[in-house]
Amino acid sequence: MFRNTSSLIQPLVFFIIIALLFPFSLPAEGLLLQRIGGGVIWVSAVLATMLSLESMFHSDYQDGTLEQMLIHPRSLSLAMLGKALAHWTATGLILTLFSPLLCVTFNIPSEQIWVLFTGLLLGTPSLTLIGAIGAALTVTLRRGGVLIAIIILPLYIPILIFGAGMLTQVAQGLEVTSQLYALAAILALSITLAPFAIAGALRITIN
Amino acid sequence: MNPITIIWNFLSNTYHRLGSPREFYTISRYTTPVFGALFLVLSLIGTYFGLFVAPADYQQGDSFRILFVHVPVAWMSLFVYVVMATAGAIGLIWRMKMAFVVTICSAPIGAAFTALALMTGSIWGKPIWGTYWVWDARLTSELILLFLYFGIMAVYYAFEDRKTAEKATALLSVVGVVIVPIIHYSVEWWSSLHQGVTVFAEGGPKMPPEMLLPLAFMAFGFMFFYGYALFLSMQNKVLDNERKSGWVRALVNNKEQQS
Amino acid sequence: MPNLKVISANNLSCVRGDNLLFEGVSFDVSEGQCLHVTGPNGCGKTSLLRLISGINQTETGCIKWQGANTNDNSLFLSECAYIAHKEGLKNELTAIENLRYYQQLDGINDELALDDTLAKLKILKCADLLAQQLSFGQRRRLSFARLLIAEFSLWVLDEPFTGIDTDGRELMESLCVNHLKSGGLIIMTHHQTLLDSPLNQYRSELQLGQA
Amino acid sequence: MNWSEFFYMGGYAFEVWTSWGLTLLVLLYFVIMPKQRNAKIKSQIQRQINREQRDQGKTDS
Amino acid sequence: MFRNTSSLIQPLVFFIIIALLFPFSLPAEGLLLQRIGGGVIWVSAVLATMLSLESMFHSDYQDGTLEQMLIHPRSLSLAMLGKALAHWTATGLILTLFSPLLCVTFNIPSEQIWVLFTGLLLGTPSLTLIGAIGAALTVTLRRGGVLIAIIILPLYIPILIFGAGMLTQVAQGLEVTSQLYALAAILALSITLAPFAIAGALRITIN
Amino acid sequence: MPNLKVISANNLSCVRGDNLLFEGVSFDVSEGQCLHVTGPNGCGKTSLLRLISGINQTETGCIKWQGANTNDNSLFLSECAYIAHKEGLKNELTAIENLRYYQQLDGINDELALDDTLAKLKILKCADLLAQQLSFGQRRRLSFARLLIAEFSLWVLDEPFTGIDTDGRELMESLCVNHLKSGGLIIMTHHQTLLDSPLNQYRSELQLGQA
């Protein structure tokens, strides 16, 4: 699955690059970055996931291995769940693990770091699973990348709202349990349903 | 024969007749005008009571009269999505051609209703909240719904092959249906500037009858409008899809010779 | 003979866009037989093979494997291999890694068999080259090698001899004959004649109409 | 009731009438657009039929 | 070059989507968005350009048209200049033209809007030209996307600093001429030199 | 005869990775001649054609067109056409749009010629299909059509007959013969024999070593 370490670090590098563009482009005030840092990290995570998705099935389609998967006796949806989780390990998980370091560079207070970390841990698998549906629907199209974005970003926004919302809550000293439950519920839903949608989408588009 | 069997037979009969493009076309030529007429009658009554009869609100003055378009349109934006997703599921599961047509033809109508809800809502928001737009749960989720409608239309037009496009569109609309409860409950789950659930509130509508009545007329009127507009555009789609078939050619040819 | 493997198609048709490519296509292929699908370019040969192997769904008619419908029939899927124009090779993996990937998909783990198979197709010396670096014929051979790593009964081959040199073609033909002799089935397309090929004696022809 | 007062809408004329007006426009669009499209499709099909009939005429004679 | 309008609006949509992710993920305070809005728009422009670059040569390479271009008698660098400028029209130019509208939704004051607009107009062609070098270098690689980012983002940062820096200057009532000159100089350099680098990179990587 | 078109290669060699594919390859092809490059899979035929057409650079030896080095020689480039396995077709353009694209690259604008060319290769009825939707043979024909839209003297063809049906092959062979008769040059690879082909009488063979 992972040919080499470089494919593992690439989404991470992407994530870091996106996040680091902001310090260069915002007014240099210590407090500003600290206040928006959490949001910036969430946006970077969403973008990094989304961008990595475009290639999730694309080369498989181009070289014909996707067709071979389609006619393999294993359950396609199970295989897709596996593929999505592997993809998540190489994108969402890694960038979640890395996020605390980024938080430190943004001077984000430590109670927020934990919330951000947990939020990303619960949120990024859903991002990948939901995004894979979009990737599967657009795999046969050139310029699928933008269409993926159009399709899946509406579905990402709730996750973003819950995830980034927690940070604002914490900053104001409020509870975040309800948001955590919401993220967990979204995750449960995506794990159970998304694989079927992905498999269905592939069967529809490959012909 | 027992009544359940009769009803069942009737339902399955209509289902199968509506499932065939040709039958649909024939039937819809009678039902469409009926929908249009019902829409006109109901919405004119609603307008009369809403604009002329209902007294001004003691807090909002006359600005509350936006309610009679905003609320029906906002409800329709959700209702159309539910119809669209249901039809999509039916199409995918039972491979019913006409269900896909319902999904695809509903999307622009739903998008228009959503855009209207956003516009009337923000126009209304200016006097009430002092701003056209806030990034609040109800407003944001409704905006997401608009994007979702756009995404669904974009997917349909992205595929060259019609059958693929239909199925892909149906799948996406089924997946996106989660947004509907989110929009509906957004005012309860998050603190929101937007009005809470008023009409379908527990313990009956929290709204005086002189407001509720015209609202109901408008709401049902818009429902029929949706039916009307949907059937018109479905007729076009059916003609377009079946342009090579004999019955469409006969139909067009006859028209031409009569005129 | 209840255990005789047989694939039978009945009244298949295929529509692409507004064009009807073919209709009413029926055939039976049983153990030791090779169905040679012929017809001019664009007549629907590839489309037919994709229907058979289950990538596309039939709209009319049905295809049966041992009497059971092939749709979502995992027994059938595990016995059928499809080799297409797109080779199904990952450019960024080496030849042997590509083969190993397919072996693992089928739940096998046998390094020796990999070398063996590459050797059989005379591409052992390219084992550690990236698929990207292989010549056209070497890629085609590698994709053919996939047939030998698991026990598929039905081989569905779309122009298997394109880009293959004369020796290679004889090699592949003899592999096909071995497969047929040991009770396998083959459905293939090929534009040249097979009359002077060792496959000829097992062959029946299915001619698809004009494009 | 006085018409000018009615149109004045208690000071909310702009809000109320743009909302209602926009809605009306959109509804009209969904009535007019399909009718035009219908005519267009039918004329396309008609032209196709005519063309084929002409072709047939040519080959027959 | 442009098969249909959809290929024209797609980078624009991307740009808008990226920019719109922020309101969802930042604390809801009117002034905050207004202060960082300009920076967010610059980052979105950089990202949208960068992402569109990945596909600039990729499909040409996959389908073999790039090889055909290489052996065409026209001057390859001139052809590449043309291709880059066409690409810019469909990405940078369009999103520059659209940026004022986005500024309005972010409540950015109008004197900043002009600075942002001019900055983007001068900066985005350089982004495309420089980015195309990265795209040409990575065209034969799978997962080229991330590598492009790593190669070209360091080169983008000066442009970002000048471009977004102008906004901070204007907000503080300072002059921006020096930054404008810098952007113009970068643009002049990229137009004259980048085409040769792109052509050279393609000749090296395609073999 | 100073105006006779001729391509001559001297002492070419090709190294891939650590392998020496061939060395000391020399040939001359002049008007009306067809050079048939043969050899087993992976022996370097495609690599040689890419050297000739200028995609890759020679490391030793040189290739001359009318006496001038072919490297970055725009006269040569405008007279040489290379048809490879990768067809050079844009999937998202229709067949005719793809051809028009190449026509415009060469600064020509002639709609009738496009239809004509498609008709010559019997793919006129696919003119408005996306390249993506074409069958394999139809794609190959379309890429071959590119040879006819501008006046190329030297055709460099890598296995031009793959995926083409029997009729199509005869068609292409006769197009090649016409080209040769009107003073063109052809360098091609092909795995089957050309002894019974109309091309045979113009043919000289270049055998590359064992892979």
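Letters A, B, C, D, E and F mark the chains in the order given here, with residues in each chain numbered from 1 onward.
The criterion applied here is as follows: contacts are C-beta pairs under 8 Å (C-beta built on N, C-alpha and C of every residue); 3 or more make two chains touch, one makes a residue touch a chain.
All values reported here derive from a predicted model rather than from experimental measurement.
Any chain that touches subunit D and also touches subunit E is listed here: B.
By number of C-beta pairs in contact, B-D leads over the other of B-D and A-C.
Two copies of one sequence, subunit A and subunit E, touch each other mainly through matching residues, since over half of the numbers at the interface are common to both.
In whole angstrom, the spacing between the mean C-alpha positions of subunit A and subunit E is 24.
A straight line joining the Cα centres of subunit A and subunit D is 43 Å long.
Averaged C-alpha coordinates put the centre of subunit A at 32 Å from the centre of subunit B. Chain geometry summary: the mean Cα position of subunit C and that of subunit E are 47 Å apart.
The residues of subunit F that reach two or more other chains are 85, 91-92, 133, listed in rising order. The set of subunit E residues touching two or more other chains comprises 6, 24, 28, 59, 62, 142.
Shared contact sites, meaning residues of subunit B that touch two or more other chains, fall at 140, 154, 158, 161.
Residue ranges of subunit F in contact with subunit C, taken from their complex: 16-17, 39-42, 45-46, 85, 123, 126, 129, 133-138, 141, 159, 162-169, 191-192, 211.
Only residues 50, 53-56, 74-75, 77-78, 80, 82, 84-93, 102, 105 of subunit C touch subunit A when the two sit together in their complex.
Taken in their complex, subunit A has these residues touching subunit E: 6-7, 10-11, 13-14, 17-18, 21-22, 24-28, 32, 35-36, 39-40, 42-43, 46-47, 51, 54-55, 59, 62, 142-143, 145-147, 149-150, 153, 157, 160-161, 163-164, 168, 171. Of all the residues in subunit B, the ones that touch subunit A in their complex are 92, 137, 140-141, 144-145, 147-148, 150-151, 154-155, 158-159, 161, 164, 167-168, 171-172, 174-176, 178-179, 182, 189. Within the complex formed with subunit D, the subunit B residues making contact are 51-52, 56, 61-63, 65-66, 69-70, 73, 109, 112, 115-116, 119-120, 123-124, 126-127, 225, 228-229, 232-233, 235-236, 239-240, 243, 248-249, 252-253, 255-256.
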